[in-house]
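See below for the structure under consideration.
Letters A, B and C mark the chains as written, and numbering starts fresh at 1 in each.
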Amino acid sequence: MFLKKYIQDIWGAVKSLATGMKRTGYYFTHHKEIITQQYPDNRDTLVLPERFKGEVVMIHDENNEHACTGCTACELACPNATIKIITKFDVDAETGKKKKAIDTFVYHLELCTMCNLCVEACPTGAIKMAQTFEHSVFDRSQLTKTLNKPGSKIRAGVE
Amino acid sequence: MWSLSNIAANIDLWLNEQVGATWAVVLEMVIAGVAVIGLFATLGLVLVIMERKVSAWMQIRLGPNRVGPKGMFQSLADTLKLLVKEGMTPGGADKLLFNVAPFVAMIVAMLLLAPLAFAKDFQLWDLNIGVLYISAVSSISVISILMAGWASNNKYSLLGAMRSGAQIVSYELSAGLAVLAIVVLTGSLRISDIIQAQENGWWLFKGHIPAIIAFIIFIIAVTAETNRAPFDMAEAESELTAGFHTEYSGMKFALFFLAEYANVFIVCAIGATLFLGGWMPFHIGNWTAFNGVMDWIPSSIWFFGKTFALIFLIMWFRWTFPRLRIDQLLNLEWKYLLPISMFNLLLVTLIAIMGWHF
Amino acid sequence: MFEEVGTTTEGDLIINMGPQHPATHGVLHLVVTLNGETIKNVEPHLGYIHRSIEKMCESLTYRQFIYVTSRMDYLSAHINNHACAMCVEKGLQLEVPPRAQVIRVLMDELTRIASHELWWGAMAMDLGAFTPFFHAFRERESINDIMEETCGARLTMNYMVPGGVMHDLHPNFQRRVKDFLQLYKSKVHEYDEMVTGNVIFQNRMKGVGIISAEDAISYGCTGPVARGSGVSCDVRKHYPYEIYDKLQFDEILETGCDSFARYMVRVREMNQSISIIEQLIDNIPEGDFQAKTKAVLKLPKGEFYSKAETARGELGVYIVSEGGTTPYRIKFRSPGFSNLSILNRMAKGGKIGDLIAAMGTLDLVIPDIDR
């Protein structure tokens, strides 16, 4: 009886090991199952999900105009003080009225956690998340970015 | 016909003509030494890339694919990196033992090459106690691991070395008994005799079930002896980080690494020699035409083919199984493998005495 | 009941396992007292990844603090956010639209599967089998792809906002989840072939790392660790939140009390999560994905507590509000911390290999323990 159990143990053990080896052997011979994703060198054809949160950018149209009013809602919404908005007062040439506008939209990528709260908070849809993913630079100062392009101004009609 | 033994004979002849018998022997030794070192370097490169590709494909990965065609030069690049790396010696280490240990590991592996027959009539030293020599020398390899583990002055290394000591001493037994089965069947310890005895069929097929059991036990035991998973107690990276070579870096680490692969190659070559007929081609009874075709394939191809098939088997184990616990490892040896191989040896002896084998 | 910290005697070997060690899955530092290979005492040292998340949260508004909690138990980031969002909603007495509830539950269960997949692979890797890790990542990757498409990130999604979820589901969501279900079902038998049925694995797991039911309760273990000892503690069953009370699923209980029982609980839990997803994926109600909230959230003065079942156990969120825009005090009851406390008791007397196996079945995420 002892001997029977002894042999049964060995048989069961060998069988379970062979099952595992059959599985790895299957994958060894079936290369179409390979799931490795290579580094995205195919930058031209690469499609990332549109909601992918890579970095905050400001949307500019073809006239170099954006929709940022400088209301600092994003600055308040940001948990890490990633965004700093410096405002100025534009003087309207015709009416002579002063109007608040952004001077620089400073964005600290090194502090950003891509939480998307600023984009949610923006009342005019001026900023969005871009699908970039290679953020490494040689100097930390390069990560502090100005989001509004030089010479850009607020689109007419955006309040 | 082109063969390694012809080349060797021609070189011998030419040297004897040129420099005389004494200097010819000296030069031949130098050539053999250089050839062994060259073989080891090549084996290291080939086996590392083979292991990486085998593991990658089993793990549904691509494996190395950047250096050279399909990543085939990856191990060369790794070697270059290891060569230029600083070989650190930790502060509290026993400097002599620490630095000597990797060389001991390599020397043991090189010594084991001597009695192996790589092709027909192509052997460094066909001594009459070849099998005994192999089991004697291979048990020295534990010394290098113990040296490395002790001298590192690291608790992980020490634990790994102690595990390895217990493991190799235990598994020597069943490996020895499995080898003894073939010695009993052949009636000789000489490697060339053992290969010659398999002219009309390999021992794996001629020796009935006992030979197959001996073969399985041999494979398990040598996997344990070379510290390969699932018996990689000495390294056990999830438990002991890297075991006995935790403190090694650079070329000293590379020598351990190389010695591990060289040992794998050697034990597989021994397995191929004893159970699969070494360089003997595959023959079936009296199928003359088939046997003729088989004879046409060079004997070195047969030897390396069989060896690499066994190496693949051992790699297959490694990338499939979880690791055993140290007490389970010793239980497996003393409660299962040793009784089975002793009983098996009796069976083989019976078969040999009664002449039941083919 | 709680034994004293073991004393060291002459001849004991003390090794510092960690903070950098392959088996501690992060920066856990274990001071292990050994007698040969046998473990006499294990003393976890924490604090290597303490980021004072609780204190940080006190200076963030109720909208902002949710994202920080993704960094606690990053493998079930979504469920952490969920618990926090629920606590804020409790304070605001906010009704979450049915669609948002279903989306939250779907995402929770996907996260749970992804977390268990990673644990399964890491468990096998702790025991020395490397291949299952990569096979587990095949399924996990497809969950991460679903997350990336809908939430915009793969690991720390920050998909929860008080009152619902941040975006609506991606149009591809249902199709991709169904693809995932199909993939999972075609591959799940491989888990048994490669790991569960393997004789080496079973011998390593069975009968080691024993946690009795009494110990599990007295040490405050929750989640699969307690359920492996037969302690019924699933928050989804006992204190159902969102729509869990309307769903058909079983609380997995194993009575083995050993490492293998905890392993089986998690493997079977994955199948339960799959069944929950199957019930919901074709029945996502139409409607808003987010309740209307004010721009600035202010919780009334008081104390609020809510809990959720993460992949590791019960996560409790306790908010004390003084009526302002930021919490006065936040306390997280993280499952990993309580589960770790039993490590010494379960590993004592075993071998080093048993300690690794036992630690693997606790499914520790170190940032969750330290916070």
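Rule of thumb we're sticking to: a residue touches a chain if its C-beta (ideal position, glycine included) is under 8 Å from a C-beta of that chain, and two chains touch if they have at least 3 such contacts.
Going by UniProt, the chains are A = 4Fe-4S dicluster domain-containing protein; B = NADH-quinone oxidoreductase subunit H; C = NADH-quinone oxidoreductase subunit D.
For clarity, every value in this text was computed on a predicted model and none was experimentally measured.
Comparing chain pairs A-B and A-C by the number of C-beta pairs in contact, the larger count belongs to A-C. Of all chains, the one whose mean C-alpha position sits at the greatest distance from that of chain A is B.
Mean C-alpha positions place chain B and chain C at a centre distance of 45 Å.
Separating the centre of chain A from that of chain B, both taken as means of CA atoms, is a distance of 51 Å. Taking the mean of the C-alpha atoms as each chain's centre, chain A and chain C sit 25 Å apart. In chain B, the residues that touch at least two other chains are 58-61, 319-321. Residue positions 17, 20, 23-24, 35 of chain A are each in touch with at least two other chains.
In chain C, the residues touching two or more other chains are 131, 138, 194-195, 198, 200. The part of chain C that touches chain B in the complex is made up of residues 13, 15, 21-23, 37, 124-131, 133-135, 138, 194-195, 198, 200-201, 203-204, 351-354, 356. Interface residues of chain A, counted against chain B in their complex, comprise 10, 17, 20-21, 23-25, 27-28, 31, 33-36, 38.
Chain contact summary for the complex, chain C toward chain A: residues 60, 63-65, 67-68, 131, 137-138, 141, 148-153, 156, 158, 161, 166-167, 170, 190, 193-195, 197-200, 295. By the touch criterion stated above, chain B contacts chain C in their complex at residues 55, 58-61, 155-156, 159, 163, 229-230, 232, 236-241, 319-328. Put simply, chain B touches chain A in their complex at residues 54, 57-62, 65, 316-317, 319-321, 336.
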